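Just so it is clear, A, B and C label the chains in written order, and each chain counts residues from 1 on its own.
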Amino acid sequence: MSADKKSSEPLFSKKNKKLITDPLTDNNPVTIQVLGICSALAITVQVNQAIVMSMSVLFVIIMGNWIVSMLRNLIPSRIRIIVQLLVVASLVIIVDQVLAAFLPDLSAKLSVFVGLIITNCIIMGRLEAFAMANKPWPSILDGFGNGLGYGAILILVAVFRELFGSGTLMGFPIFGNALPGEESGLYAMGYQNNNLMILPPMALIIVGVIIWVQRSRNKALIEEH
Amino acid sequence: MALNKESNGFTFGFAIVLVVVLGVILASLAEGLKPLKEKNVRVKKQIDILSAMMDVEKEGIDRSNAIEEFPKYVDLSEAVILNNVGEEVSKGKAAFEVDIKKEYRDKNLKEEDKKFPLFIARDKEKNTRYIIPVVGKGLWGPIWGYICLEEDMKTILGVSFDHKTETPGLGAEINKPFFMDRWKDSEISDSLGNFQKYEVVKDNSGSAYPSKVDGITGGTITSKGVEEMVNRSLQIYSNYFKNLNSK
Amino acid sequence: MESTLDIFVKAIFSENMIFAYFLGMCSYLAVSKTVKTAVGLGAAVIFVLTVTVPVNFLLENYVLKAGALEWLGAEYAELDLSFLSFIMYIAVVASIVQLVEMLVEKFAPALYGALGIFLPLIAVNCSILGGALFMQERQYSTILDATAFSLGSGIGWFIAIVAIAAIREKLRYSNVPGPLRGLGITFIVTGLMGMAFMSFMGIKYGEEAPSEDVETVTTMIDTNKENNIN
């Protein structure tokens, strides 16, 4: 990385900043590039899970981009996909082991979805499309941006689902106490949680609505049939 | 000398070096974290066992101190392993190591070879408590729990149920206090010590009968799963208690 | 315990890879524009899942699991290689896909013409690795169960992608609001299909399942308030 620092381009040049901001908005990996949806939806019932998942993906994509970018001139092209898979799989194993050791309760809830980070298309996509052709520092930024863009959608969906599905955020009650017999806040006035929010189909519909809102604001993104 | 990175030799060399490096890193990480992970599993089991008997949160027992707190309540040397008709097979610490979830799932294991552990605990006032692990299946996946009996070996003092993937808001509610509290003070056997079956009912009549428990609205299959799990296990243990009392 | 048939039917309907777990969504969205390509990819997924999950099952039970290496001798009984499982599964999937591609190309050119372009896509389809990971997590006790699960999951995935492709073909003629066109409406339709598939949870599995009514979407929506606790 020292070689990059010496180069004339400043660390956070306009181009590099764009690498971070683009995936957050007009080039979002989930809503525009349609990548990495598999894991995006299943773990958005609670904000906690979504945050841990986003952090894990962020770690894997930054490290993966960095390692592959460092090795990009060494990797024989014939086995490059398998090398990328190996790097990603090893990083995911690290994440899985660390979660199991230090956050056992959350790790049990995330179950197979940590393992599925391996086939998260965002990661393989960025490794192949960006890290194989760019220097380490821009690759790290690119990974950071895409990881954030993914995490932003994940957390947004999770906020909706947890707030309206269970009336809590990060486990803290927002609308008052829902225990039968001791209702308070909104529940005392007859409010009920929407159980449908917790079920899988709602995640899809929320993502659909997010896409709708995003594309209404930016007409350039509208698809032709 | 420039390396030809597309040559077979280099490709093989690269692959081997990469695999060895990754292998060493992963193996050392897994080895390094193994004690922590094993401890996590044990601690979780200890907390689950205790939570059938008392409010672990109130007592301030959590992952950080369970290892020290657990032996204050449960003496594992008293624990018993039963067979599938409720006869004592062995006594001692081995009971904690029995993985009943695995045995329940294992189709190749004969019924009579399955082991059923029973933990004997003392609460703060030194009253004897019997803690029974149970396992079964809900709608989506496994459910499990612990049932704590009072000194009379028939009245339920408390239960702790948990699940892996039951429907949120419905079947998943089996691990919520409102459902688990419904089991309190019910009796697993009649005055002669014969086992009486539990029934998880849907008409909210549960509180009126000693052996009926209200199910979860909308969570019928999970509730029935709990019923099946409790009955199958308690039948075995009530045999043991009956023989113990008649001696 | 669950019978093999239960596992099979459950994997197709109530535990559908797409509608219940969102696995393989990327290719599901990308390749569902016409029914013809959807059938091709769906068939390839069935095929690859049915081949890879049993292989991974053997790997899990005879190599990776704690104590799985016992057949090599007592001194190996203590080994626990399960931390390597992710890497092994993905390696198995990638190499089997490659192998299948070569074999199909050589011995069944017609099939290759139909499936060929989809096979490479499949190595990174989450549903394939997901199949292996669910197999590991649920610890099926026999290879027959594992195969039934993988075949069922594949068929479930096939049904899902062919159904959405058919709907999308029709949707082309409807007046969808601009910003929703394409991706947006596909998500929402998939959500609605997911709700429909949730009613399959009512199928009675196994002999000890209750005989009366069942959990359905309707009871979920208007769940009794008194039990509505977070």
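As a convention for this text, a contact is a pair of C-beta atoms (placed from the backbone, for glycine too) under 8 Å apart; a residue touches a chain by one contact, two chains touch by 3 or more.
Everything numeric in this text was worked out from a predicted model, so none of it was measured.
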### Query
Which of line, ring, star, complete or other matches the graph of chains that touch?
complete
### Task
Would you mind checking which pair of chains has the most C-beta pairs in contact?
A-C
### Task
Name the most central chain, where centre means the mean of Cα atoms.
C
### Message
From the mean C-alpha coordinate of chain A to that of chain C, what's the distance rounded to whole Å?
### Response
22
### Query
So how far apart, in whole Å, are chain A and chain B when each is placed at the average of its C-alpha atoms?
34
#### Entry: Separation of mean Cα positions, chain C and chain B [Å, integer]
29
### Task
Give me the residues of chain A that touch two or more other chains.
86, 90, 93, 97, 111, 166, 179-180, 193, 195, 199
#### Entry: Residue list for chain C, restricted to those that touch at least two other chains
83-84, 87, 220, 223, 226-229
### Query
So which stretches of chain B touch two or more other chains?
22, 26, 29-30, 167, 169-170, 178
### Touching residues on chain A, where the partner in the complex is chain C
31, 34-42, 81-82, 85-86, 89-90, 92-93, 96-97, 111-112, 115-116, 118-121, 124, 166-168, 173, 178-180, 192-193, 195-196, 199-205, 207-209, 211-216, 219, 221-225
#### Entry: In the complex, chain C residues that touch chain B
1-2, 14-15, 80, 83-84, 87, 138-139, 141-142, 201, 208-210, 212-215, 219-220, 223-224, 226-229
#### Entry: chain B to chain A touching residues, read off their complex
5-6, 10-11, 14-15, 18-19, 22, 25-26, 29-30, 33, 36-37, 40-41, 44, 63, 164, 167-170, 178
### Task
Mind listing the chain A positions that touch chain B in their complex?
45, 73-79, 83, 86-87, 90, 93-94, 97-98, 100-102, 104, 111, 165-166, 179-180, 193, 195, 198-199
### Summary
Note: in the complex, chain C contacts chain A through residues 19-26, 29-30, 83-84, 86-87, 89-91, 94, 123-130, 133-134, 136-137, 172, 177-188, 190-195, 198, 220-221, 223, 225-230
